[in-house]
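Have a look at the structure below, then the notes.
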Amino acid sequence: MKLDARIPDGPIDTKWERHCFELKLINPANKRKFRVIVVGTGLAGASAAASLAELGYQVDAFCFQDSPRRAHSIAAQGGINAAKNYQGDGDSIYRLFYDTVKGGDFRAREANVYRLAQVSVNIIDQCVAQGVPFAREYGGYLDNRSFGGAQVSRTFYARGQTGQQLLLGAYQALARQVGNKKVRMHRRCEMLDLVLVDGHAKGIITRDLITGEISRHAADAVILATGGYGNAFFLSTNAKGCNVTAAYRAYKKGAAFANPCYTQIHPTCIPVAGDHQSKLTLMSESLRNDGRIWVPKQKGDRRAAGDIPAQDRDYYLERKYPSFGNLAPRDIASRAAKEVCDEGRGVGPRGLGVYLDFAESIQRLGSHVIEERYGNLFEMYNRITGEDPYASPMRIFPAVHYTMGGLWVDYNLMSNLPGLFVLGEANFSDHGANRLGASALMQGLADGYFVVPYTIGHYLAGQRPAAVSTEHAEFARAEEETRQRISTFLSLKGSRTADSFHRELGAVLWDHCGMSRSASGLKEALRRIPALRQEFWENLRVPGSGADLNQSLEKAGRVADFMEFAELLCHDALTREESCGGHFREEYQTSEGEAQRDDANFTHVSAWEFKGLESPPEEHREPLIFENVPLAVRSYK
Amino acid sequence: MALSGLLLVGFLLGHLAGNLLVFKGRQAMNDYAEFLKNSPELLWTARIGLLLIFAVHLLTGIRLQLVSRGARPVAYHKKGHLVSSSASRSMLLTGAVVLVYLLFHLAHFTLGLVSPEDFQLTEQVIRDGVASSRPDVYGMMLAGFQHDWLVALYVLGMILLGMHLSHGIASLFQSLGIRHARYTPMIEISAKILAWLLAAGFIMVPLSLRSGLLEAA
Amino acid sequence: MRLKLHVWRQRGPADAGQMVSYDMPDVSPDMSFLEMLDVLNERLTLEGEEPIAFDHDCREGICGACGLVINGIAHGPTRGTTTCQLHMRSFKDGDEIWIEPWRARAFPVIKDLVVDRKSFDRVIESGGFISVNTGSAPEANILSVAKDSADQAFEYAACIGCGACVAACKNASAMLFVGAKVSHLASLPQGRVEAGRRARAMVSAMDAEGFGSCTNQFECEAVCPKDISVRAIAKMNREYLRAGLLESES
């Protein structure tokens, strides 16, 4: 396997422009001869499908949900970054680029990040034109707020529902093309395999979740925009349906998987309430703008929050990181919370929580201002916990939220498999080892609206349109494998549900490959996961049949892939012998407990090649070169 | 629905104004009746117009019901509601009863089928020194409402009409797209008040006639 | 606490379906409603029965996938809440709970509590967008939008497309869903250009799907998990009438 990132030469600020000029074009009349498959309809998938259809390509879009509007991008709360500098506070494309590279702990590709910062401004323009109701000032112009990891206000938002509003914008653009018959929308249709013909991605195998029908779909290129793998941990802020199957199937077909150990633990989630817990709910990071995080100074202080006087409170983020305070980046804030809970100073019934306190802001700004800013979040908190955050502080705890790792892609967002493009959270490219708040929405839309519509043409220009049909033997083979797998699930008749295996897998990952990792813990996980996987394939029980809606069967397929993927995740975490961003190895920390990078040995992307289940994956390294942002210790003190 | 309803409310207001003349006495009432009788163009335009509006209201109502029934082929086992008024939920019922009432009312006072002898009552008037006779609508009403069952029927009909209107009038503003954060609550209250004032106005006539309040005048 | 559930079970679109009762002996008040069904499903699976199919995804009240009629009320007893955000502390020991799918001709049942809401997508496809191609947008701050209009637009845009409005309406009308989209886009200057065409197209698409008519009872507003006001319907009626009166059909 050869990894060529295809980063254009020249100064960083003109790379993309020049690259666009050098990319081959397809004339408008020929575009309709090409068919593109887009899997996933979140921000990246919907925006790509709509934009490609507008350009004239024939598009087949797939989502496992009942409507493309339900993709999990919809749950993003806080906002979207863009280097508009509307506040005149010193922002610029260069600063957004700089903040993102630094925030990613110098493990992202400079050229990609710079392009992301460049197109960020176009995203806002596009979304406003689509009717996204961003927050505005009284003068009628767009409002901004500040967000973790930045010292400028560059985050655009629509109350606490920014992801929803952006996704609906992209969904509506997609719906317009479905109505125009330029996009064939396949709902409740799950991709179960990728089909390669002569090494090129030329189609997928899907299962219709209502009828159980297995189908072949051929195209000239395949785009995966299938999100992250946070649900490997079972409990995460992801939607229940989020899964790694599409990306993992591509990996098994030869696509390199990059940096799977970069998982982001979000600092502000509602703590676990009991064993029945099925998912964790995020409280937007934007809350940290006005909320102060603290725990009692004394271990085991069980007094009610309101009874603890100021001198007995430890505002630990403000204490440790005075210049960023409560807005310290996510990885740092999460680890700090874990640290105080490990010391026994955690709050709430399980001792796994810290306070996020709005009392001071309510006093300073009035509760109506707080309500206007965060009303829906406060309501959500109240609904889930039964507690009123206007009266007593919220309790929060970190939870798995986002995954920076993903399928390896080059500058054109094409994987090492020609014709396979990967967008949004599903790829690895822009966030390095840690993603800054309000950057996921930016990346998803950048990839879908402003990158892949240019770069895919370059690949397609070298292809003969509709060269492959579903009659090709590779399709038959992939379909047969998919059928086999489904009938195996149904034939096992064991005594455990897929959910119970998933819960157990999640617990292993959270304990050993969660907020902090160690070689011994990872080795323990690597011992337990294959054993669990073996039990899964012997003792799984999937009721019902494959010929109709069978949610247990869907779940079984996803858990089976998580089982294998979890091993890859731990393997990568074990190999990366340094601490960076979301990946914290206990062996590699400073005397103050801060993450310690090893730039001499690990300034590279680890891209893994599948070598069969019984052999370890093979690592390929893409060196990362920092020409513009000098490698430095990431300090938020 | 809303437009025809609006026009019918307009008619009801006119009708009520006419009915209330009964409180001004026999002469005012019969003058009004004679005026109508002597302006056949006006009377028949109004009658045909009314009939058309009524037909539209009835047919759109039936169509609405059919579409809505078809829109939910399988009913809920457990039915619940949170905010809708009983008036709004029984528009079909109140509408149907009002229709039956209306047919009876036409038979009674327009066609004279219910008590033909009352329908023949006349009044002698002397105009420019010449005596002539004209229909005695006042007397007809007085005679008509001497039966308790008839009064009860009219009162009941009007109560149901009031219910029908209490949802209908407020609702037509919404259907016509007239809604405003500040004015809508006022509109809704005024609409309900108007609905019940109309019903009360109509009810007053048979009650007053039956109770003998008007006989003295 | 101990609960008795009566759940609609239907094998497939062609099956007649029926209510089936289940005893739930040990329900924690901190569970969400769907977590309670998870527990029941785990039990059914191990007992060799098929688990109850129901739609759900984000479980934080924003994706709009979930939706059950609970004791006759869409999304259950708590106002402004999706089914996934309903917690068992809203019920008490010994309660009987009836659980049914959304019922509407335009939402045919697929299995058990899962319905097909493609009709909503088709209504949006008919005109629920602003026609702007990627890349043709002007600089965002060229356009100034009054804060009130933007806030208003947001209120309407908050719709999650769950379909509770249809489920709760006596007439299975989709006016609140369609009204919310028409009103969201018509509240913004960017959306005014196509406002009339949009209102007409979406209303006729809605009628073609077999939704019922609005009789202004406002049950939709009462069950809407995002508290979308029936002002949206009035505004749509206004846009529709205006389009009919002032714009030519061509």
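Chains here go by letter, A, B and C, matching the order in which they are written, and residues are numbered from 1 within each.
We adopt the following convention: a residue touches a chain if its C-beta (ideal position, glycine included) is under 8 Å from a C-beta of that chain, and two chains touch if they have at least 3 such contacts.
Since we're looking at a predicted model, the values are computed, not measured.
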- Grab the C-alpha centre of each chain and report whichever is closest to the global C-alpha centre. C
- Maximum number of contact pairs occurs between chains A-C
- Item | Geometric centre distance via CA averages, chain B-chain A, whole Å | 66
- Query: So, what's the distance in Å between the C-alpha centres of chain C and chain B?
  - Reply: 40
- If you average the CA atoms of chain A and of chain C, how many Å lie between those two points? 27
- Partner chain B, residues of chain C touching it in the complex: 6, 8, 19, 69, 71-73, 79, 98, 100, 103-106, 109, 168, 170-173, 210-219, 221-223, 230-231, 233-242
- Given the complex, residues on chain A that touch chain C span 47, 50-51, 54, 65-70, 72, 74-75, 84, 86, 122, 124-142, 158-159, 161, 164-165, 168, 171-173, 175-176, 178-179, 185, 187, 210, 237, 239-241, 273-274, 276-279, 281-282, 379-380, 383-384, 386, 449-450, 453, 495, 497, 499-500, 541, 543-544, 548-549, 551-552
- Listed in rising order, the residues of chain B that touch chain C in the complex are 64, 67-68, 70-85, 88-89, 91, 167, 170-171, 173-179, 181
- Using the touch definition up top, name the residues of chain C that touch chain A in the complex. 11-12, 28, 30-32, 34-36, 38-39, 42, 44-46, 48-51, 53, 55-65, 78, 80-81, 85, 87, 89, 110-111, 114, 116-118, 120-121, 124-141, 143-147, 150-151, 153-154, 157-158, 160-161, 184-185, 188, 190-191
